[in-house]
Each structure stands twice: as C-alpha cells, then as structure tokens.
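In this document, chain identifiers A, B, C, D, E and F correspond to the written order of the chains, with residue numbering beginning at 1 in each.
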Amino acid sequence: MSRIDGRTAEELRPVTIERGWSKHAEGSVLVSFGDTKVLCTASLTEGVPRWRKGSGEGWITAEYAMLPRATNTRGDRESVRGKIGGRTHEISRLIGRSLRAVVDFKALGENTIVLDCDVLQADGGTRTAAITGAYVALADAIGWAQERKLIKPKAQPLTGTVAAVSVGIVDGVPLLDLRYEEDVRAETDMNVVCTGDGRFVEVQGTAEGEPFAREELNGLLDLAVKGCAQLDGAQRSALGQ
Amino acid sequence: MSRIDGRTAEELRPVTIERGWSKHAEGSVLVSFGDTKVLCTASLTEGVPRWRKGSGEGWITAEYAMLPRATNTRGDRESVRGKIGGRTHEISRLIGRSLRAVVDFKALGENTIVLDCDVLQADGGTRTAAITGAYVALADAIGWAQERKLIKPKAQPLTGTVAAVSVGIVDGVPLLDLRYEEDVRAETDMNVVCTGDGRFVEVQGTAEGEPFAREELNGLLDLAVKGCAQLDGAQRSALGQ
Amino acid sequence: MSRIDGRTAEELRPVTIERGWSKHAEGSVLVSFGDTKVLCTASLTEGVPRWRKGSGEGWITAEYAMLPRATNTRGDRESVRGKIGGRTHEISRLIGRSLRAVVDFKALGENTIVLDCDVLQADGGTRTAAITGAYVALADAIGWAQERKLIKPKAQPLTGTVAAVSVGIVDGVPLLDLRYEEDVRAETDMNVVCTGDGRFVEVQGTAEGEPFAREELNGLLDLAVKGCAQLDGAQRSALGQ
Amino acid sequence: MSRIDGRTAEELRPVTIERGWSKHAEGSVLVSFGDTKVLCTASLTEGVPRWRKGSGEGWITAEYAMLPRATNTRGDRESVRGKIGGRTHEISRLIGRSLRAVVDFKALGENTIVLDCDVLQADGGTRTAAITGAYVALADAIGWAQERKLIKPKAQPLTGTVAAVSVGIVDGVPLLDLRYEEDVRAETDMNVVCTGDGRFVEVQGTAEGEPFAREELNGLLDLAVKGCAQLDGAQRSALGQ
Amino acid sequence: MSRIDGRTAEELRPVTIERGWSKHAEGSVLVSFGDTKVLCTASLTEGVPRWRKGSGEGWITAEYAMLPRATNTRGDRESVRGKIGGRTHEISRLIGRSLRAVVDFKALGENTIVLDCDVLQADGGTRTAAITGAYVALADAIGWAQERKLIKPKAQPLTGTVAAVSVGIVDGVPLLDLRYEEDVRAETDMNVVCTGDGRFVEVQGTAEGEPFAREELNGLLDLAVKGCAQLDGAQRSALGQ
Amino acid sequence: MSRIDGRTAEELRPVTIERGWSKHAEGSVLVSFGDTKVLCTASLTEGVPRWRKGSGEGWITAEYAMLPRATNTRGDRESVRGKIGGRTHEISRLIGRSLRAVVDFKALGENTIVLDCDVLQADGGTRTAAITGAYVALADAIGWAQERKLIKPKAQPLTGTVAAVSVGIVDGVPLLDLRYEEDVRAETDMNVVCTGDGRFVEVQGTAEGEPFAREELNGLLDLAVKGCAQLDGAQRSALGQ
C-alpha cells in the first residue's frame, strides 16, 4: 500500500538542513521535512537568568510559533490575540526539554541560548522538524561561541545529538513521518525524540480514536527509532561530520 | 529497598474517591492519591460550542488549575498574572483528550461537559489524580443527565473507563505513583493514561536526566499498566459497580 | 416567620472552622457557614515588598477567588479570561484591609503573610466566611513563625480578633447571615466586619432596591454586632482559647 | 479647631456643577469639590445589552478613571499596564449602583446610559464628586432623550435624586468632605450616598487605624446626611429646579 | 468658497493656550483649537530609565489618549479593553519624537519628563493641538525645574520651539487646520510638525482617496508652514515672550 | 562618496521578488531588498467583517511582524509579552492603507484579503520591502480568485500599482534605500509610498537629529520617486507584465 506521496510506510520525506540561513543569528538553520519548513535560530547571549546566576551553569530555552498563513487556512496571530495558545506552549516546552537533554550546562558556562523555531510552512511534523533543526542551530551557536572563547574551546557542551520524528497508525498501518493529511486521519499519533545512540528523550503517544495496544505502541517505537537514526545521519552530514 | 513512605516500588499510595462533594455540580469528586487532593467537578450544560452545532454530537473539555498554596511554596495566581502558564495549558489539554477518548459523542447528544480539576493540595501526580477523579465525576454527570432525560436513558456515552498514573525511575529503580520528593529526583518521568481494558490513551515519557533505553521504557509501561488496573478497581468501587 | 432553612431571623448558620487543613501552608483553615465553604491559607515568607524594606514592619495582603463551579452555574475562570473581575478585586481588598486592622506591623517584623481565600462552594456570605476563617489561619501562621523565632516569641502581632457577617432586609425583615437565595431577594444588603470587642472595622451597606432609612440601618447593625460576637466565640473555640 | 483650608468640621468645600461641558455627550457636567474636578459625561444609546433585550427595561452603567497626572505624583495609565486596578473597579461599581438606585428602568425604556467619570484633578473625594456630578449628567441625558421622544416625554425615569459625600475622623474629630491631606490622616473614612429625601443608598465605612465605635459611626452618619442635603441643593440649583 | 465655520481656507480656528491648568503637574496646559480641547501635563521626575543611567542625559516621552466621550459616539476605554489601539500608539510616538526634536538632553540633565496629552473634546486635529500644547507644558516644567536647580539655571534644554497643524485637500481645495467634518471628507490628509524657524520635524501625508501629486503636496506644505508660524506666535504669546 | 556596500547615493539594493513561495496562501512573495527579507502572504476569504456586510464591497487589511531574531540582537516575541508594540501597530496600519489606496472595493466584491508581512531578516527598509512585496502577493491572490470566479473575471480590483522606498540624509547626503547601519546614522529619515504613475500614497518624513529644510525635503522626494519607479519595474517584471 503506497502513501499519498508514494512513500513506503517506513520512509521519511526528503529532509534538507540549510545552515547559516540568517546573517544575524549565532546559529541558524532552515530545515524542511517535505513541505514542512521551519526556520530555527539559536541566539547566544552571555549571562543567565537571575535564578541561575553564579551557578557556573548555562541555560537553554526554546520558543515555537507558526506564521499565520503557514497552514491551509490562516490562523490569528497570538500577538494580536494577546496570549499564547496551549499548543504553542506545549511545543515550546517540548523543544526546550529535548535540547536540554543533550547539553552539559557546566561546559556551556554562564551563557544563555534561545532557540526560536518559526514554522514558515506547515505540512505535519512541525515540532519534530523544529527539534531536528534546532539541534544543528545549537551546535553552530556553540561552535561560534567557542571560536570567540565565550565557551572554552575544549569544552564539550553537547553530550550527544538529538532528533525527532512523528509516527502514527493510519488505517491500521504504522507510518513514519506523517504529512498533515495523514496526521488528521491517524488513529494514534506519536512524537518521539531520540539521541543519536538510540535512546529516548521524549515519547508522547496519543490515541486520537481508539485506545492503542502495547504491540501497536511497540511497532510505532520501532519505526520512530529507525527514523531518528536517519535524521541523525542527515544532521551529521549537514554539520560535515 | 523501601520508599520514603514505606511503600514498595510497585505500590500505589492510598487512593480515595469521594463522590458528591459539591452540592452544585452535576458530578463532583474529591480524589486523593496520598496527600495529593484534587477537586473534580463536571458541569453539564445543554448545547455545544458554535463549531459543533447541528452535528448531533456533544463536547467535553477540561480545565486544570492549582490553588496558590497547594504547593510547598506559594505560587502566583494565573488570574493575577493575567495569563495561563504552559504547564497548566498542557495538563488541561491532556485531561480533556484523556476523557474524550472514552466518550461516544453521538450518544452524549448536543450537551457540553466541562471538567474542572482544581488541585487543593499537591504532592506529585496531580494530573494523574485529576484524570482518575474526573472520570468518576463525568460518569456521575452523565447519570444525572440520563435521569433527567437530557441524555437518552439507554444511550451509552461512555465507551470505557479511563485512569492515569505516574511512573518514574529513581536511583535506577522504576517506581509507581511518585510523590513530589521522588518526582524531583526521578531520572525519567512518565505519565500513562489507560483504559480499563489495559490499552493506552496517552503515554508521555520524559528523560529528566539521562536519556532512557527501550528496556527501561518497557519496565515503566509494565508498572503503569498494573497501577492503572488498580485505579480502575478503585473507580468501579466508588461507583458501586 | 421562619426562614428557608428553619432558622430564626437572628440565627447564624452552623459554623465550622477546621484548622490545619493543608499540609503545606503555615496556617490553613477550611471554614464553613452552612453550605458556604472557603479554604483560607496563610503563607508566611520572610521579607517584605520593596516599598516597605528597611521599615522594620511586616505586610499582609489577601487574594480571594471562587472555583468555577463553586456556584450554581459555572463561571469562567479569571485566569482564562486573562483578567480579574471587579467583584474579585473588591473582595480581595476588603479581606486584606480587615485583617490588617488587627495587626501590629512592628510586632510582625519584616515578614509578609498572604491570605488566600478560595471559595470551594458558595451559598451566600463567601466574603464574610473568608474574613472569619482567614483570621484563624493568620493566627496559626503567626504562631508557627513564633515557634521558629521568625517572629519574636513574646511579640503580639495580633492586636485583636476580627470576624465578619452579612445582614440584610428581606421582605421588610432584618435577617442575619443570608444564604444565596435570601441574598438575591434582599432589599438591603450589608457586610459588617467587627473586632472581638464589638467595634467596627468595615461597614458596607447597599440598597439593592429601595434606599434604606436610618432606623433600618440601626437594626441591621445591631444584628451584625450580635452575629460577629458569636463568630468571635467560634474562632476562640477553634483556637482553643 | 480650624481645618487646613479654614473650613469648620461641618462645612463642604465650594461646590460647582457646570452643565453642558461637552458638545458631544447627551449629558455632561464638570463638577468640582474644591480642587477635585471630575468630568462626568452621560452617553445615551438606544438598545440594551443582550441579557436585557426584550425586557422593556433600560440599563445604566458607570466607568471611573483618573488622568495620570490628576494626582500629586504621576500614576501609570491603566491602558498601558493592560489592566484595571482594584480601586478603579471598586469605584466604577459604586457609581453604577448609586445611580441605578434612583432609576426606574421600565420608565427608561430599552435605552442604555453610560456614565463616564474622569478625574481631571484629584484632592480627595473623587468618588463622591463623581456620583454627585453624574446624577446631573444623567438627568440632562434623560431630558435630552425625552425631547427627542427616545424616552416617553411623560415618563419619570428618575425616582429620586442622589448625591454623595465623604466623612472621616481626623485627630478624633469627625470632619465633612475630606481633602486629600485630611484623608490620608483619617483614622476612619466613610463614603455615604444619600437620596434627596435623606435615605441611604450606600454606606461604606473603613477603619484606617483603630476600629471605630458605634457612637463614632453615628456621628459620621449625622454629618454625611447633612452634607448630602447641601449637595442635593447644589444639584437642584444647577438643574434650575 | 467658505468653510462650515466661515473660515477661509488658510485660516486657523481660534487657538487658546491656558497655562497652569493643573495644581499638581510641573507644567500643564489646556489647549484648544476650536472645539478640540486637549489637557497637556508635563511630569518631571529626577532620574532616567535604566538604559540611560549614567549618561548625563535626560529623557522625554509622551502618552496620548482620548476620554471615551471626547468624540461624537462613545469609544470603549483602552484600559477596559486591556490594550492600546494602533492609533493611540502611533500618536503617542509622534508627540514624543516631535518634542524630543527640540530638546538638548545634555542640558536637561538626568531628568525625565512625561508629557500626557488627554483629549477632553475632539473635533479634528487632536494630535496637532497636543503637540502645540505639550511644547508649552514642557517649557513650563523646565522653568519649574530651573527655579529649583534640578536643571542648571543657565542651561538651555530647549533648542527651539515646535508646533503642529493639520492640512488637507477637501473638494480639491487645500485647507488649513481641519475640523472633524472636513477631515472625514478630505482626499488627502497631512500632519506637519515645524520648528519656530520654519523647518520640519515631521511630515506625514496620506492619500485617503486618490493618490496626490507633487504640486498638491507642495501646496499643502506651504499652507502648513504658514499655520505653524501662527501657532508659534500663539505659543510665544502664552509664554509671555 | 561611496556607501558601505559600494552603491551610489541613488542606487537601490538588489531587489528580488519570488512569487509562489508558500503552497497554502492564495498569493505569496518572498521579497528581498538586499539582506532584508520579508515573506508576504495574501489570504483571501469570502465574506467581509460585520460592519461591511451587505455593502457589496470587499476589505483589505495587513499585519506586519518580525521574527525575534530577524535583527542583530534578539527581540522578545510580542505574543509572549502579550501585546503588540507601537512600531508594529504603526507599520501594520501603514501597509494596510498603502494597499487599500490602489484597490476598487466594489470590483473586489465581498471578499477579504489579509496581507501578512513577516520579516525573516532585517537590514533596514522592512516596511518598504513589505509594501512592495505585498502588492505582488495581492495581485496574485486576486488573480487566483478571478480564476475561480470568486471575483468577476473581468473586474479590475486593482486601480494601480504601489511600491515603497526609504530615503534619508546621512552626513548631509540624501541616500536611497537605507541599510540598517545607514538608517541609524540618518539625520532625516523618510518613507515614501508611490503609485506606478508617480503620485504619492504616503509621505512620512522624520527629523532624527536636526529639523530639515524644505529643499532637503524636496531632494528626498525626488530620490524616492525615482526609487519607486524602479521598484514598479521590478514588480511588473515579477508579474510577467
């Protein structure tokens, strides 16, 4: 059975990771998972929030947002509504946690990095593309800071790599990297964040229709681990490693 | 190895589910998981939000909040700050999705039920206690409406039962139903929402420290499934089933 | 003429004051005036707001709120609406002023106490129950701090006691401690805050229908003074004095 | 003992009521109590809020605000802070209740009148000046509507007159119509709203220092009733009655 | 062709500038351009915002607002809506920039002046009246500070004078100082801010209907320069220069 | 004298207009003026805001925003701050007015077009690039709607073309199309919006330092008219006209 875009069930969409997209940010990546395009910038500033001052440790946080017409019908701007929606909050927190999972804050020193992930065009999987791209932007910002000795050149602030992918069950079949049309039809929807060594940082599975059984969960996890491994390769290749 | 309160790793805290706590709400439950106490009310009104009118289907939504001094140090009120925090948003959405997973909206008819879960005292596991209690409040509100023929007396709006529990790895040991002190020390933290027949509605696992391996994930899921089955029993017993 | 619940015009509803309701707060009380139940917590922290630093004096403030389904029909959460309503503001300020009236800020030292009064169930008189309960929570928090020498053990931060009651004229008859059904029918509605020695801290009378005459005002004040004296007894009894 | 401006304890400040101050509003008054100047406009529109439609009854509401430099030190604008303070809320509600107390909503018909009371310069007693001025603006707006037959020319929407004054105890002496300097020194502060026939619409007394005794309350009420009677005269004279 | 109020095309409305309107503010002016009345207060405080501390330079900022019934139909309060509208923001910024253009911040020293321009009654040209009046209030506040040696008595914080006027094309004819009725009919609308020596601080021209040609722009500028020169005279005369 | 990037004073930066950038929007353009990059999308929906219903006329509005790291130092998100800044408001309004100036709303029919201009990277002239790009996105959205007969195929909703450019005086020399570094040094700064036939839609000139003289204004206008004519060519070429 072939998917709307001809992929097999276990196939990612074409992934591109374009580094140095912005001339201002310390790290910046335009990542695309098929038609999903997310601009990830990493902004590094010396110093940390007040509650962390004097600890010798750095901090990393993330903000996710969608342009109003990234989607098929225009959404109101959260700035105009005057408040951030629940979905935006939830994804921003997920991205922040995922990236912090591979950072040694002592090695980062008292520096703060903000990862901004702005969805320019959405076609499913925006949060997983954001995490995958943000990792590369983060690596570039750290490299930038090490060149300028804001971070010790021999320090290893990154303790691993991190990437994310969505998986889901559509018409009873587990699929990797859902497009929007697949996502709305999925009975179960899962986002998985893995490190490069195949361990888990986040596992978030949701029954959209019927509850799912343990074996279905297992099948989805298998698929996600394979997808993350491929994304890890794409990240390494983009970083020239 | 025994836990701070003498429980074994696989043991729940004492669970109480007190129905009919409020004289106003159509369904209301004061649920406690040890020292965690959540007041869950189910407010049923005829009619549905505009986007659902004329569909013949009902709607269920949830709001979670903590009293300012539910915790060890007082938190600012979100009403005073003028906005809802990310954590509150995230948990409100989780509760809503979890309950909707066991509802047949056709059978509910064009009625709306709002589940308010207000944490009166917190000691870890507030969201899982909220889901577990909200299910009972929901069942009571549906019963109330069936008595008054707002819902057809022979309809079955509930397609199953739902309960939730937290699990986590502390000092390398998987533990069921974490108290606050355990939660802050957990390397991995997972909230699992199950139906009474042992399937999954939500699985949310997060590495707080080291990423976690597949076998650790499996161990946590085993524990959670057992815990949810016990909570299912407590719900049935409270409902006199 | 007997009232809906069989009380005489001059009778309070059953009053209960349950101390130590919360394991976290320095002082906490669940107070009930009949079906009106308010959870009052007193949170004591060392230090004072910036404008009071170095004065040697403490500070006390209060916040009042209702759970969304404390009332017969569910109200929107103020946190969700993003702003606090006028009624909430007004009552919070009233509670704060009432408690500050019996505090010697020099004796309190540079400590801040926040009184949170959250209405769990409402049936008229929520603000008067809140003041009456908050006084006991405040006394407990001060006791807690004196045991820990955060406040000098021999200091007398409380210069008196304070309690509050509502009175009103229904069908031409002055009644003590109105239930909700009586309150909505009252021609005149008055909230009175008294000290234990029978003096006034606040008198707030409002004509809901016809303006009221001086003799009616006098009758209501007589009734309120009697009610406050009884509440003073309930407070002393709860505090074991 | 003479007051800072030479008045006796029982004397009002010079009161002026300038009608027709604004060319746009249906009724408008610049009222001054000494240096306190409040611009009161009454805006009448046909129709009522949704919850009152079809009732045949009108509605009256009020909004109070201060210009940022109405006071001795500049206050932040509430529009810039993005929220209304508790004091503003409280006074707006008081003004609305006070005016509604003398209105027959059936006679008003389905019309809405908004009373805007903007303090241009403050020197104590801004809420009482606002109520006193708003009554005259309201009377003018009703007259305007009766000339245009928006309200039946023979209807009597006003069932009485209403005025307000502050009283307080300063250095043990009850004083009428406090200036700002007196207000900050007052041990007890009371705002009283009376109808022209000497009955009460609102009585709000607050102990700023010591609680006050019944006889002190009585003395203040006597003073307030006298002051309101004089203001009633000033209103009638402004209205050419 | 004569205008609705009988003026010629090149004629200003009667302009009055009443100094010392407020007893609290360091400088205050009630300015009127015909029926447009704006209360301008200048509030001077020692010190500057954080980003300017230690620079030896002062700061000037402005806030513009309209009372709700300054206009023909009542507008909602921005404080009640909880946010400032685009027009308010735009005009506040324009006033601030215009006044800063004639200030030597070194000579002002580390003092901050806030110019509040509150429109009490509107009939077109509120922003130009505000700028014209605010200049005089600013001059008075500086004089006040020089008398008290908060600013060096021989310093010259004002490097020039500034005034503003609106011009527009109505029925093909360029008109000076538009009233509201003219403004809404104007094909092109321009606000011009000039210094006393006839140079420009701001030029803001907008085609409301057809785009405008270079010669039309030139005609409007000629008219505006003449109008500003007259306003400069009115300011000098008000200041007794 | 040559500029930082080697341009002459009268030279635009390289301009690119990439149509069809987004797969979702009815019209979309990525416009660049040198390093300034703005994504302009035109979202067309049938129907108009309530106040325009039944008029037979359409409506056009615009929203401008910057990504947080579009600039050299990261700016806070307006959605996170909970309010829109004055600059954003001002530019959104300018873009909306500029585009409406070339639209025949009768010919547009009861359709609404929202122009979203999101700055992905900023280097001066973001508002002028936004207007220039938004015109092309608007033309595409209208073409899209005419193909689908949402707008009459023979209607001419566009009555002309519109483009915008910044000009300024730097070190006494009038320059066309300022980069950020030039903009911050400019003594006078002007944004000019022209139609394709060389007339003006908006002229906004601001003295950043010294006030500017009439001849300087004239020189800047000459330069702006030339720049707009070139941008008009770039727009026509992008549209294949």
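Assume a contact is a pair of C-beta atoms (placed from the backbone, for glycine too) under 8 Å apart; a residue touches a chain by one contact, two chains touch by 3 or more.
By chain, with names taken from UniProt: A, B, C, D, E, F = Ribonuclease PH.
All of these numbers come straight from a predicted model, not from anything done at the bench.
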How many hops, at fewest, get you from subunit C to subunit E via touching chains? 2
What is the Cα-based rotation angle between copies subunit D and subunit F, on a 0 to 180° scale and rounded to a multiple of 5? 120
Centroid of subunit E to centroid of subunit F, CA atoms only: how many Å? 28
Could you give the separation in Å between the centres of subunit A and subunit E, each centre being the mean of its C-alpha atoms? 50
So, in whole Å, the Cα centroid of subunit B is separated from that of subunit C by 33
Where subunit F touches two or more other chains at once, by residue number: 82-84
Touch list for subunit D against partner subunit E, complex: 22-25, 28, 35, 39, 41, 43, 45, 63, 65, 67-72, 74, 77-84, 88, 114, 116, 118, 120-123
Contacts from subunit D onto subunit C in the complex sit at residues 83-87, 89-90, 92-93, 97, 101, 160, 190, 194-195, 197, 199-207, 210-214, 217, 221, 225
